[in-house]
């Protein structure tokens, strides 16, 4: 999305200005555009959400439809402007946000031919993800990045953890299918695995629950296991967050060799020597 | 609530004394008043809670009503005294605690005209929040402040986290509404979003539960996601608590007046001067 | 339970020996006694647990009864020996373990007169707590104490946390009682508070669940709140555990003033000076 | 599984080569074999899982049966090759993986005589555990080991924790059995203990739920208890992970050979020698 300076200057003035407003958000106009867009997305998502409620659809159907057509029109204009503003429209059209933009407007037009396509309009909710692009600019940048960095740093530990969870789910699901059987709701191994996930994550709907003593005992073991397993990702993230947050530099004091200084420190906190 | 010294002295003696008893809590009389008030609030809330039980209302209705009228009278007197004790009664009346005080006594009087207003008396439970003002005085001050400081310091991370949760809830709610449909209890997107919150927070009532294989698969993904997400706020708070607990000392550097030094620091980390 | 040396010697030899076997557990005989006792308690609790299952009671009733009588006899002998072994039997009889010992044998005798008293035998399960006394001796001493120390150190933070939870439960319980009302299962404020606890702790039985849109919205807020609140005790305990486990001494290095040395360190890890 | 070098050389060339492919995974051929095996296990487990779904069994039964027979044949060949490759086939046959290998192929053959034995084929899921052997080779080695080391280091604290949980479950299960009784679903103490586990781990199916006010109060206490108890294992694992992650370096002191120094240490903490 960042464009080399030389190419920016080669664009005609109004396109550069358009690009600035639509894609950048560190200028005043850009920020205003982003906020307006976010508001529009929120209104549009709210309209889709409310339309799904039978009563509201019956009473305010025409209003909601008007709002949806207005927003679809605005989104269409915005999409065209985006294609105009960038140097390589084809590349933008194939990018993640480009595809989402089309998906956000397509259902309304499609519904003219196929009325059933209307409900696809909810795809628009994915546009909510733009909120992250807008947040990125504000003071949240550092915070969100810290969280992401902590998650990325613990990537492998999380994969090991997920593999362990998946294996437990397959084995426990299979065992419970054999023990409880179809008469107690464990109608197949996939359903049984769904039950294992519901149990291990401590969600526990209760739509499927063990009835036999052996099944209840095994379920108890799985619960305590799942309970203990909560500890693992929490521990991983805590440790990584602590590390990325504290941001202690790796620099040793030239005076006393002490380490663990804060990143903003300019003198050793133990002996006062300049770092 | 703190009043400049000069103004305090300008008040007549008994009003200053009254203010001391009702609003301060570091004198003996003030502490006694606070404890008496807290007891009264607890009795009053217990009365409201018990009155809601049909059996108890039938058998001890008159007693409970007597208790409520007595407490309402005492709260009315207390409210008048508060208005008298402060220099700007209008400002207190519009403050949070001032409004709560009126809300706590109004329903009983209103019930004389509109008997249905009685049940509003439960608003009184909000007065329980005064317990925090009273706890503030005791040894809990430091502890509660540490918790609050940790929460305030991680304010932005928590907002990023809540935005992520909200976006997931909207998207998953919409998807499940499309997949499961109205016949399986996902009657509208708002209801579907409610289900997503119930699932992600691992509450899992089971009043709404997926029935189709695809829905159950998606729900499993959401559960494991929600499970991992528990780790994030826990990690945030742990790290902040560790930091605030570790205790940066309140000492300012004699050289450059910088604050926020670690408790084990013997030299200023900014200018190197001995602390 | 520890007895001054002079008094120990004043006791006749066999009583001192008896005391050693029954109360101490650092001698071989004492350890053997403790293990035997623990086994007996486990057998006895298992018997009580199994007797509650209708089928097992019907088929193995006589056997279980025999086991219970045998164990009651052994427990009675043990109780008498304990009273003989200590210098102040009255004080032991009134101590926590003394009372539990009587409660553990009384129901069997009572059942001779009142057959219904039999079920009280389950009180015996409390004797399981003795397992902690026995574990204390083994290598678990340090670990259990670390956990307890961490919990004790965070005592006040936990109280602040519990007060916050209790206030939320009262306020949310009251609100939901007003919103959902008796027709949706929120029959009284206490029941509504029970629902609030079930929801906030993410247990979510689903025996009571909100039906109105406003109730479902409020419940969602409570869930996310409860979700975030999980973070608080976890953070508290993690921080305290980290502190008590690391056991860094507060000693500063005489050479470079660095702190944060491990408790077993004899030299500064930064400059090598002897601590 | 590791074999002394002298013995390896004494084996004939092709057996050493076979052993390398099947048992080691740091050569190219070994890695390819492991990946192929893992894929086969996944396909086989998927087949077993899908076969349990009535519809799929009806429509694709013949295909699935063909897949199962092919894989059983391949697993049989693999098992024979494993026995040939090792020096002591008897010892391998009795090892954990050896037994699992037989269990993975036996049901298909057994089903020729006893058709009911077919469902035992799911035992094959246990073969999924091999994934850990394969992951061991990749970059995950260090991460998985860190997790395991953290768990092993907190072994005793976890046992103390489990004993506390078990005691609570027995006592609370017994109390609820006495309070709620058989009419409210607490049909026996074991069932009641199952309910206590379901509640304490915050799973909360709702298949059994307290109905009496006292039972609901006690359940609320148990929930808040269980809620707080989540904190304990999380705290334990976080602290241990932080410690193992922080990384005491593997460097031994040149002065006194002591190990376990912090990574930022420049002098031995036991004798003060420079590291």
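Just so it is clear, A, B, C and D label the chains in written order, and each chain counts residues from 1 on its own.
Assume a residue touches a chain if its C-beta (ideal position, glycine included) is under 8 Å from a C-beta of that chain, and two chains touch if they have at least 3 such contacts.
Bear in mind the structure is a predicted one, so any value in this text is a computation, not a measurement.
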Contact tally winner between B-D and A-B is A-B
When each of B-D, B-C or A-C is compared with A-D, the one sharing over half of the residue-numbered contact pairs turns out to be B-C
In whole angstrom, the CA-centroid distance of chain B from chain C equals 30
Dist(centroid_CA(chain A), centroid_CA(chain B)) in Å evaluates to 29
Between chain B and chain D, the Cα-mean centres are separated in Å by 43
Listed in rising order, chain B residues that touch 2 or more other chains are 190, 193, 202-206, 230, 234, 236, 238, 242, 264, 266-267
Within the complex, chain A is touched by chain C residues 202-206, 234, 238, 253, 255-260, 270-271
As the complex stands, chain B meets chain C at residues 45, 48-50, 52-54, 119, 122, 125-126, 128-129, 131-132, 135, 139-140, 143-144, 146-147, 150, 158, 162, 165, 190-191, 193-194, 197-198, 201-207, 230, 233-234, 236-238, 240-242, 245, 264, 266-267
The chain B residues in contact with chain A across the complex are 156-157, 159-161, 163, 167, 170-171, 174, 177-178, 187-190, 192-193, 199, 202-206, 209, 213, 216-217, 219-220, 223-224, 226-228, 230-232, 234-236, 238-239, 242-243, 261-262, 264-274
